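Okay, handing you the structure first.
Naming follows writing order (A, B, C and D), and every chain is counted from residue 1.
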Amino acid sequence: MPAVPTDASAAITAHVWRHRYRAHEALPWAVALAAYFAFPNYLPLAAQTLATILFALSADLVLGYAGIVTLGQAAFFGTGAYTAGILAAHGWGEPLSGLLAAAVVAAAVGLLSGLIILRSSGLTLLMQTLVVAALLHEAANKASAITGGDDGLQGMQVWPIFGRFEFGLFGRTSFFYCLIVLFLCWLGVRRLVHSPFGRSLTGIRENVVRMHAIGAPVFVRRLVVYTISAGLAGISGALIAQTTGFVGLDSLSLERSGTVLIMLIIGGVGRLYGAFVGVPLYMVAQDRFSSIEPVYWYFWIGLLMVLLVSFARGGVLGLCDRLWRRARGRR
Amino acid sequence: MSAAAALETRRLSKSFGALTVANGIDFRLERGARQALIGPNGAGKTSFVNLVTGALAPDAGHIHLDGAEITALAQAARVKRGLVRTFQVTQLFRGLSVLENVTLAVCERRGIGGDMWRPVGRHREAVEEAYALLEPLGLAADAARPVATLAYGHQRLVEIAIALGLAPKVLLLDEPAAGVPSGETGRIIAAVESLPADIAALIIEHDIDLVFRLAQRITVLVQGRVLAEGAPEQIAADQAVRRVYLGERDRR
Amino acid sequence: MSEPGALVLTDVAAGYGETTVLEAIGLDLPESASLAVLGRNGVGKTTLLATIMGHTRLRSGSIRFADREIGTMSSFRRARLGIGFVPQEREIFRSLTVTENLLVAARAGRWSMDAVYGLFPALAERRHHRGDQLSGGEQQMLAIGRALMGNPTLLLMDEPFEGLAPVIVDTLLAAFERLRREERLALILVEQHARLALELTGQAIVLDRGRIVFTGASHDLLAAPDRLAALISVAADRPGAIR
Amino acid sequence: MNGIAAALGVGLHGLAFAMVLYLISVGLSVTMGMMGFVNLAHGVFAMAGGYIVTNLINRYGVSLPPAIAMAAVAVAVLSLPIERLLYRRLYGGDELDQVLLTMGLVFMSGAAAQYLFGALQQPLRLPPALSGGLRVGIAEVSAYDAMLIVCGVVLVTGLWLGVERSRFGAKIRAAVDNLRMAQSLGIDTSRLFSLTFALGSGLAALGGGLGAALITISPGYALDNLVYFLVVVALGGLGNIRGPFFAALLIGLADSACKYLIPQFGAFLIYAMTMAILLWRPRGLFGRV
């Protein structure tokens, strides 16, 4: 191999340092902390938002990176929520182990369903993600002895974290619990997408034929990321179950799968930060609008979708990109 | 017994229903050879490539790479053993930079494509290797550009760079200059001509001038069979080949 | 003066997606003239027909047909203007019967279902069979019949004899003789069988690497086998030569 | 004797359900097959049909047949601008965009329905002739089910004859087979597609209206039944007219049998069956290879 001088090219340097942390990456966390102090009355909402960001992040991993369009991400969210919930309702309220169990069970469901459905592509795959979620939804609905069915799971007793920090009314513990879990998961996901594995996912999304031709085990890669994403969704579901003390059938619903996609699209797909932008916007807006006219929230969000798809592909972050480029181009 | 060929097929056959695309193909590509595969439309050239690379499973026959049987191996395993192809219509990661396109290939070859923890940048040697492949092809200046923004001729070169990133022993070049405006073909021909000597290259090509210029041997495929094989002069003089290409036809 | 079947290509460059397959193509085909398009494999013959039909991306140049610029026109409008297309792969609608295949292409004019069945009696016998139940020869006849149902003034045919049994080729040849004599139909014929194509046409072009390297009368080329061989044969007596 | 009668009753009810499913889904199959467009909002047209029919009957005292006809025509006409303005720009585009657009439409329509008609289910007030039961041999069948079966058979026969015997139908099939070749023969495929879309939407409205007592009309209609409609299409094979019929039959009968024999499993078995079939034949039972 010809020797390359260390300063051979800006391209190498740029490439080699892509994964470096940048200042703006601290922004979401700073905002989160600021929100803690600025809106102490909204901590339960903030905690839910943080947990939902994790859910959207898990969706970004399969959709934005691996290019798998899924309408069944709620299957794993709900699995995690029910796992943690059922444990807590049956005498094991320790939150961290509950979180772990949720991750493992959800990942196992992801692995099993992935083994079946990831052999298909296109519309069939989309259908199958939908059917897997519908299957679980129906199972939870019928197994009301365990899940509480339509009424939801009652009687969760979540113990204090480390035996010290109780999940109180004001949501302080919930907030930091969600924040820290999200932060750790984000670190992992960030690492993952910058790794050769993560880049190969992008490769699969961009051109599967080429990925096969360079000898990459495409199916295995997709299965692995699908499983990881399922685990993360499971953690997110468990966080919400533990912090709200309730799990309902809606955690497995198509509506849930659909809205997480919408939140992600609002932020921007395949850029790791779409979830951090889209979810808060959606959740805060929903909180505001729903209090005025709860019924019509879905009308406006539907309209927003139609408009986004028709006029602003790439979401908020995509829009920022374009504005930024235009501003620079003008100079 | 002669030394094992870089690539060899024996009685390779494949049919789709009534349509036979490979009819007992015996084919040999010597190490370091520059050979061309030509034939009229529908002769089975693309099917042959797909059979050899493992995208299609043969009905019968054997494929050997470097003396070892690979007939049953998956596509990815064949790539790992050094059997690499390029595509007639570029297959690139269009949104990624030129450097990243090649880096992805290098990472897979080095067996680090599944690394989920260390960032790509920490595998600096892989990135540098990829960059080093760009320079001789004249792509270094474009390394950071998304491939979709490159002229098509340059995209064809990226296609070759990716293949080289896989350290091929046998390289199947499927019409390397196809679709390129005439002004840009020179660079592609030069790239093929300067392939490392230890790579055995099979060029699937329509352009006869290109074939005569690049290949030491020519195999002519017609209706899933090898019609003729030999040095360019032999092929040029072969009556059967002339018939096929001239389209001479007995008219009662 | 309007010439319904006349086709003029000026400095056309075209390809698929980002590729460029054809460059600097100029062509002037008067009404009811016939043109053979020759050349080795992969030089752009099929792409030329696809470009006239509107399946490729026209990168530059102009295509005029029947005194109208059609370069940016969608395929179906070109077909309605009078261009009939017989593709290389025949592309019979496989879930339609023979009759339906003809029916969907029908436009008012001299050619009707009965006329096509008269031209190809073998097809009439298969009229209720579905497209995927036909032999190669029957598919070819159907592809030609289907193109005629649109009553074109210009017919594009891509290797209509490829893979056909000799007896079917003779049938087709007879049919073409009739068309040429009785119809005022312009014809562009892409063909591997060079002699056959030249015998059927008045003019010929030879393509090489997406460019026209020869334009002239078909019989001239037919009378000069060496010239023909040099233009289109693998046996280019110039190994190592590049242009 | 009793067992056979029960089985027949279950079968007839399943058949009635299958007819409704098929009428709603067949348009979806054709449009998805022709343009490769993931249309999750197809149920919206059925829902619209259901609302129009129930309201015409309940509020304005229109009788069932004209109400159904008005619904079908109104929805078919309304679907045209939607196809032209929203769908068309995404043909051949990103699957995700199609999913989002149509999901957005589902959400909007659900909220709009709630605004206009409230959150409650819309009852279908049946004329006295349709509220009783009928004896068919030894089996008991509700007059409504019988009406659905008869209407279904008539409509399906009409549809099949129309699509398989008419020039318009041949053009549709030609465009599904080979879009480019159809264009090359002078077929204006985008206009053809608009008409097909309208036809499919009208049929969905018809199915939604006729079946309003079976698949109840409420704001959640399009979302709640989406899986069923898509399952019929996926099992039937895209771009197919007959396939979805047999898929609907399968789903309808299986659903009816499950509800009777093992109600505790509900739709679970239907979904499991769908997964198994798609695993075995990814392009559906009647899909093209």
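Keep this in mind: a residue touches a chain if its C-beta (ideal position, glycine included) is under 8 Å from a C-beta of that chain, and two chains touch if they have at least 3 such contacts.
This one's a predicted model, so the numbers in the text were calculated from it and none came from an experiment.
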| item | value |
| --- | --- |
| Labels of chains that are neighbours to chain A and to chain D | none |
| Pair with more cross-chain C-beta pairs in contact, given C-D and B-C | B-C |
| Longest centre-to-centre distance from chain D, chain (CA-based) | B |
| Rounded Å distance, chain C centre to chain D centre (Cα mean) | 44 |
| Between chain C and chain B, distance of the C-alpha-averaged centres to the nearest whole Å | 32 |
| Gap in Å, rounded to a whole number, between the CA centres of chain C and chain A | 55 |
| Length of the line joining the C-alpha centres of chain B and chain D, rounded to whole Å | 49 |
| For chain D, residues contacting two or more additional chains | none |
| Sites on chain C at which at least two other chains make contact | none |
| Per-residue overlap in chain A, given as positions that touch at least 2 other chains | none |
| Category of the chain touch graph - line, ring, star, complete, other | ring |
| Which chain pairs touch, all of them | A-B, A-D, B-C, C-D |
| Residues of chain A touching chain D in the complex | 63, 69, 71, 116-117, 119-120, 122-124, 126-128, 130-132, 134-135, 138-139, 141-142, 254-255, 258, 261-262, 265, 269, 295-306, 308-310, 313 |
| Residue numbers on chain C that touch chain D, as the complex places them | 53, 55, 74-76, 79-80, 85, 87, 91, 93-96, 100-101, 103-107, 131, 146-147, 150 |
| Chain C contact footprint on chain B (complex, rising order) | 38-42, 89, 152, 155, 175, 178-182, 205-210, 212-213, 220, 232-233, 235-238, 241-242, 244-249, 251-252 |
| Touching residues on chain D, where the partner in the complex is chain C | 167, 170-171, 173-174, 176-178, 180-189 |
| Chain B-touching residues of chain C, taken from the complex the two chains share | 13, 15-21, 23, 40-43, 88, 159, 162-163, 166, 191-197, 209-211, 228-229, 232-243 |
